[in-house]
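In what follows, subunit A forms one complex with subunit B and a second complex with subunit C.
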Partner chain A sequence: MTLTTVLTALGALVLAPLAGGLLYGIDRKVTARLQGRMGPPVVQPFYDFFKLAAKKRMMTSRGSGVWAWAYLLLTMTAFALFFLGQDLLVVVLVLAFAGGALAYGAFAVRSPYAHLGAHRELLQMAAYEPILLLTVVMFAMETGSFTVCGVLAAAGPLLPALPLTFLAVLIALGIKMRKSPFDIAACEHAHQEIVRGVYTEYSGRYLALIELAHWYELVLVLAVVALFWAQPLWVGALIAAGVFLLELFVDNLAARLRWSWMVTAGWGLGIGFIMINMVLLRWLA
Partner chain B sequence: MGLVATSRVKSPWILHYCTGGCNGCDIEILACLTPLYDVERFGILNIGNPKHADLLVVTGPVNWKNADVLKNLYEQMPAPKMVMAVGACACGGGVFHNCYNTLGGVDKVIPVDVYVRGCAARPEAVIDGVVAALDKLAGLGRGEG
Partner chain C sequence: MASAETLVWALVLLPVAAGLIALLPLGGAGRKALFVPVALVMAGASVYLTAGVAAGGPIAIGLPHSWDTVLTVLDFALLAYFIYAGLAARHSLVTGLAAAGALGLAYLKFARLSGYTPAEPVFYIDMLSAVMCLVISIVGSLIVLYALDYMPRHEEHLGLEKSRQPQFFLFLAGFLGVMNGLAFADNLLWLYFFWELTTLCCFQLIRHDLTGEAKDNALRALWMNLLGAVALLAGTGLAFQQTGSVSVQKLIDIGGAGSGILLALALLCFTGFTKAAQVPFQSWLLGAMVAPTPVSALLHSSTMVKAGVYLVLRLAPAYCGTTLSDMIGLFGGFVFMVTSILAVSQPVSKRVLAYSTIANLGLIVCCAGINTDLAIAAGIALIVFHAVSKGALFMAVGMVEQHIGSRNIEDMEGLRFRTPVVGAAMVVGMLSMLFLPFGVAFSKWAAIEAAGLEEGCFLVITAFLAVGSAATLLFWAKWTGRLLTAGAGPRERREDAPGLAYLAVTGLVAGAVVLSVFIAPLMKRLVIPAQVGMGYANPFDLTAWNLVTANGSFTPWALFIACAVAVLLPALWVKDPEADGTAPGYLCGVNVDGGDEKFWSAGGAAVPVATGGSYWASAFGEEKLTPVFNWAALAGLAAVFLGVIL
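The block that comes next holds the complex of A and B.
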C-alpha cells in the first residue's frame, strides 16, 4: 500500500458525500422531469441533510442511534477498503453488515412499521448479496485476484468476458439503490406504503447519518460497476453514469413488485445469469 | 441566514392530518403535489411520518375523538416544528362551529403558527401559508402567522 493509495482513499472519503448527494439531487430532478414536474434544485439532498442534522434529538431507543452510527461507519469502512484497493469479498461482506445494522436499528424499537421495514430490508439483502459475492468470484476467475488492485492491473476490461454478470449486477444495483420495482423496504422518496418502513423510527440527526451513508453506498456500488471496464477507467465511469440514468428510467417505468418477485429476480435471474456466464467462460476456455 | 437556517427554509417536510372535515381541503393540499403546482420544487415533501416532519398541516375541526391523536402527532415531531391550520374548519370550527362533538379549531388543542382561510382553501393559499410558516421559521418576521 503506497502513500498514493492512502491519499486516493482519503480523497474519495471526502469527495464521495459531495458526489453522492449530487447524484441523489440529479435523481430527484430527473424523476420530476419524467413525471412532468419541475423538481427540486440539484442541491436539495444537502438542504435535507443539514436540516435533519440540526433537528432536536429524539430517540425511541438508544440502540437505534448506535445502529445508525454503525450503518454509517461500516459503510465508510467498506468504502475506504475499496478505494485502498483491498479485497472485494471483504468490501461486500462489510457492506452487508452495514445493511444489517440499518435493519437491527429498526428492530431495536417496538414500532410494527419499523419491524416490517426491517424484515423487508433483510429480505432485500438476501436477494442481492449472493449476486455481489458471485460477481466478485467472477472477477477473481477472470483476473486471478480478489482485490480491487488486481482488477485494475488486469490486461483488459472485464465486460466483454462478463456481460451476463453485468446484467446481474444491474439487478443488485436496483435493489441497493432502493428503486422500483425493488423498493419494498422503504423508498427514498415520499412513498408511504408502510409509513417509512425501516426509517420509521429514525429521526433528526440519525436520519441525516443514514442519508450520508446512502451517499457513500451509492458511490461505492457505482464504483463496483465501473470496475467492469477499468482499462481505461474513464470508460468504466461513463458506464456507471449510464447505468445510474438507466436505473432512474426503470424506477419511473416500473411499478413496485411483491417481495417474492424480488427474491425470484435476485436469485433466479441474477444468480442464473452469473452461473451461465461462468459455465460459458469455462467452456470457451 | 446561516447554512442550517437556509436548509430549514429549503426543505420543509409536511405531515398532513385531517381531523374530520369534509376532505375538500385535503384534496386541495394533495393538488399541490401534482405537476401543476409541484411543491417539490421548493423542497416540500409530503411525508407520512411525524418523526420526519417539520410542518404539521391540519384540516377539519378537531373533535373529541381525535384531539388526542392530534396532540400525539404534534408531540412526536422533533423541534423546530410549525403547525398550519388549513381551511375554515381548522381555523375556527367553520360550518361545525358550536357543534357538541367538535372542539372548534386546531388551536384549541395545539399551538397554531399559520392560519389558511378558505372553504375549501385553494392550493395557492396553501402554498402561501407554507411560505408564511417558513418566514416565521427563519425569523424574518414578514409572515402573516
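The block that comes next holds the complex of A and C.
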C-alpha cells in the first residue's frame, strides 16, 4: 500500500460527501422536472443536512443512535477499503455489516413501523447481495484478481465481456439506491409512503448521519459500476453517471413492486443474467 | 514417544471412565467435583498433544492384534443392541439396517479380512486430527460443564422422581472420548467402531427425556446413521479390495486412480453426509432438537456432526481433481443454500440453529469439494469457528429457554435488556456467525474466492454460496434485531446463578471473538500445518498478520479496529436519551398519554403495541420447499455417485 493510495482514499473520504450530496441534489431536481415541478436547488441536500445536524438531539432509544453511527462508520470503512484498492469481496461483505447496522437501528425501538421497515430492508439486502458477490467473482474471472487494484490494472475494459453482468448490477443498483420498483423498505424521497420504514424513529442529528452514509454508499456503488470500464477510467465515470440518470428515470416510470418480486428479480433475473454471461463467455472463447 | 501415547489414551479413555464413574449416585456437587478436573485435564491434554504433533510430526500408534478380537466382540455387541432397539420399537428400518450392518461386518471380518493383519497403525494423529481433538476436548468439555448446571434445572422442570442424570452424563462425557477416538483412528474398522459408538451416544441422548416425540426422533436419527454406517462398511470392503489395506492414509496415498477407489471414496463421503445431516438427511438433526440443550450443543452442532465433514475433508486429497470432487462441491454448496433458505421461515430458535448448522456443514463439504489450497484452509478454519460460535449460541438458547420458558424467537424480544449477560452473548455470537471481521464469514469469503477462480461448474457453486449467504443474513439479522429491541419488558432477575453455564457461554463467545482477531496466528499454527500435513500448500502470505492470497486479501486486525471503532465507540459514546430529549415511538400520532406502549384505536380503546418478526412462510416455508429440496438433494447424491464413473 503506497502513500498515493492512502492519500487517494483520504481524498475520496473527504470528497465523497460532496459528490454524493450533489448527486442527490441532481436526483431531486431531475425527479421534480420529470414530475412537472421546479424542484429545489441542486445544493438542497446540503441545506437539509446542516439543518438536521443542528437540531436538538431527540431519540426514542439509545440503540438507534448507536446503530446509526455504526451504519455510517461501517459504510465509511467499506468505502475506504474500496479506495485503498483492497479486496472487493471484503468491501461487499463489510457493506453488508453496515446494512445490518441500519436494520438494527430500526429494531432498537419498539415501533411497529420501524420493525416492518427493518425486515424489508433485510429483504432488500438479501436480494442484491448475491448479485454484488457474483459480480465481484466475474471481475475476478476476467482480471484474475479480487482486489480493486487488480481490476484497475487489468488490460482492457470489462463491459464488452460482461454486458449481462452489468445488467444484473443495474438491478442491485436500483435496490441499493432505494429506487422504484425496488424501494420496498423506504424510498429515498418518500414519494410513496406515509411512514418511512427504517427511518421512522430517526430525526435531527441521527437522520443527518444516515443521510451522510447514503451519500457514501451511492458514491461507492457508482464506483463499482465505473470498474466496468476502468481503462480509461473517465469512460467508467461517464457510464456510472449515465446509469445514475437511468435509475432516476426508472424510478419515476415504475411503481413499487411486492417484496417477493424483488427477491425473484434479484435471485432469478440477476443471478440468471450473470450465469448466462459466464456461459456465453466460455462458449465464445 | 511414550508420553504422546499416554496422552492419546487419556483423551479417549478418561472421559469414558469419568462417565462410568458418574453412574454412581454422586449428586450434583459430586458430579461437579468429578467433571471439572476432567474437563481441565482434557483441555490441557489436547493442547499438549497438538503441541507435540506440531513439533514432532504425526504420531502413529499400533495395537497388539489381540485387540482385534475385542473390537469384533464390541462391534457385534453394539449391532446386537441396535437390532434389539429396532425390534423393541417395532421399527423395521432400524432392525433391517442394523441387521444388514451385522451381516456386512460378518462378511467383511470373517470372509474378506480373515487372516489379514493390518500393517498400518490403528491410530494416526496428524495436525488435522489434532485440530479436531482441540475442538472436541475444549469446546466439548465446556459444554459438559454447562450441562452440570443445566441438567438439574431441566429435571426439576420435568418433575422427574428418579434422576436420569447418571446415564445422561455417561453418554455425554463418554461421547467426548469416542469422538477423540474417531478423530485419531486410521484403521477403517476402528473408525467404524467409533462411528457406531457416536451413533449409540446420539440415539441414547436424543431419547433421553423418553417422551414419544423424543423416542421417535431418536429412532429416525438411528436409522439414518445406520444407513451411513452400512455405506462405511461397503466403502471399507471396497477400499480393502482396491488397496489391500484398511488404512485411511493408504487410501489417500493411492488416491483416486480408478473407479473402484473412487466408489469407495464416494461411499465414505456418503457416510459423512449422513452424519453431517446433509439434505435429504436433515430431518434427524432437526428432530434431535427435542433433546436437552447440552446434547444439541455438543453432538448436533459443535462436535458429532463435525465427524461427517471431518471424514469428507480428510479424504479430500484422495479425490482431488476428479469429477467426484466437483460433484461433492456442488452438493455441499447446494445444501448450504437450501438449508439457509429454510432457516428463514423458522420461528423456533433451536431449529434456526439446527438449519444453520447443516448449512455450515454443507459449506465445509463444499470447501472439500472445491479442493484447492484456499478452500481446504477455509473448511478447516470453519470447523473451528463454527464449533465455538454455534456451541455458545446453543447453550445461550438453552439458558434463555429455562429462564423465559420458551424457545420461540418471538418471545425473545428485547432479551439484550431483559437478561443482559446472556442476551449480549447471543448478540455477539450471532454477529460472529454472520459478519465479516469474524471467522465464519472469513471462511465464507475464502470459499467464494476459492470457487470463484475455477472454471466449469464452479460458477454454480459460487452462485449457491452467494444466495445461501444472503439467506443467512436474513435469518440471523432479524433474530439479532429482535433481541436488540429496547423497552420490551422489565429486566428479568435470575435467582440462581448457574456459574458454570455462564462461564461456558461467555467463554465460548469470547473465544469466538479472540480467535477471529487472532485468525492469522491461528492459521499459521493450526490450519496451515493441518492442510500441509494433508498434502496441500499454504495459500496465504501471512506477513504482518494479513491473509493475502494470490488473488485477494483479508486484513483481519485492520477490519477489527475499524469495526470496533464503528460499533463499540458509539456504544460508549452515545448518551442515554434521558439526558437530552426523548421522544416516544411513532404510533400514527395516537399514542396514549404521550407514551409508546399503547395507542388509541379507532374505537377509542387503548391498544397495547406489539411488534413481531416476519418469517415469510409463503415464500420460504418448509412445507413447500422441503420436498423440492429433498428431491433435488437426492439428485445431487446421485450426481456424486455418477461422478465416480465420469
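As a convention for this text, the second predicted complex is superposed on the first by the 282 of 285 C-alpha atoms of A that agree within 3 Å, B and C clash if a C-alpha of one lies under 4 Å from a C-alpha of the other, contacts with A are read in each partner's own complex, and residues count from 1 in each chain.
We take it that a contact is a pair of C-beta atoms (placed from the backbone, for glycine too) under 8 Å apart; a residue touches a chain by one contact, two chains touch by 3 or more.
These numbers were taken from a predicted model, which means no experiment stands behind them.
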Partner chain in contact with A:Leu122 - subunit B first, subunit C second, else both or neither: second
Partner, of subunit C and subunit B, that touches more residues belonging to subunit A: C
Partner chain in contact with A:Arg33 - subunit B first, subunit C second, else both or neither: neither
Touched partner set for A:Arg258, first subunit B, second subunit C, both or neither: neither
First, second, both or neither for A:Gly144, with subunit B first and subunit C second: second
Touching partner for A:Thr200 - first (subunit B), second (subunit C), both, neither: both
First (subunit B), second (subunit C), both or neither touched by A:Pro112: second
Footprint overlap on subunit A, comparing subunit B with subunit C: 56-58, 195, 200-201, 203
Subunit A - residues contacting subunit C, complex: 56-63, 65-70, 73-74, 76-77, 80, 86-87, 89-90, 93-94, 96-97, 100-101, 103-104, 106-116, 118-119, 122-123, 125-127, 129-130, 133-134, 136-137, 140-141, 144-147, 150, 195, 200-201, 203, 260, 263, 267, 271, 274-275, 278, 282
Touching residues on subunit B, where the partner in the complex is subunit A: 3-4, 6-8, 10-11, 35, 38, 40-43, 45-49, 51-52, 54, 76, 78-80
Contacting residues of subunit C [partner subunit A, same complex]: 413-414, 434-436, 441, 444-445, 448-449, 451-453, 455, 459-460, 462-463, 465-467, 469-471, 473-474, 477-478, 480-482, 484-488, 551-555, 559, 562-563, 565-567, 569-571, 573-577, 580-588, 596, 609-614, 616, 618-619
Subunit B partner contacts - residues on subunit A that touch it in the complex: 28, 32, 35-41, 44, 46-51, 53-58, 189-190, 192, 195-196, 199-204, 207
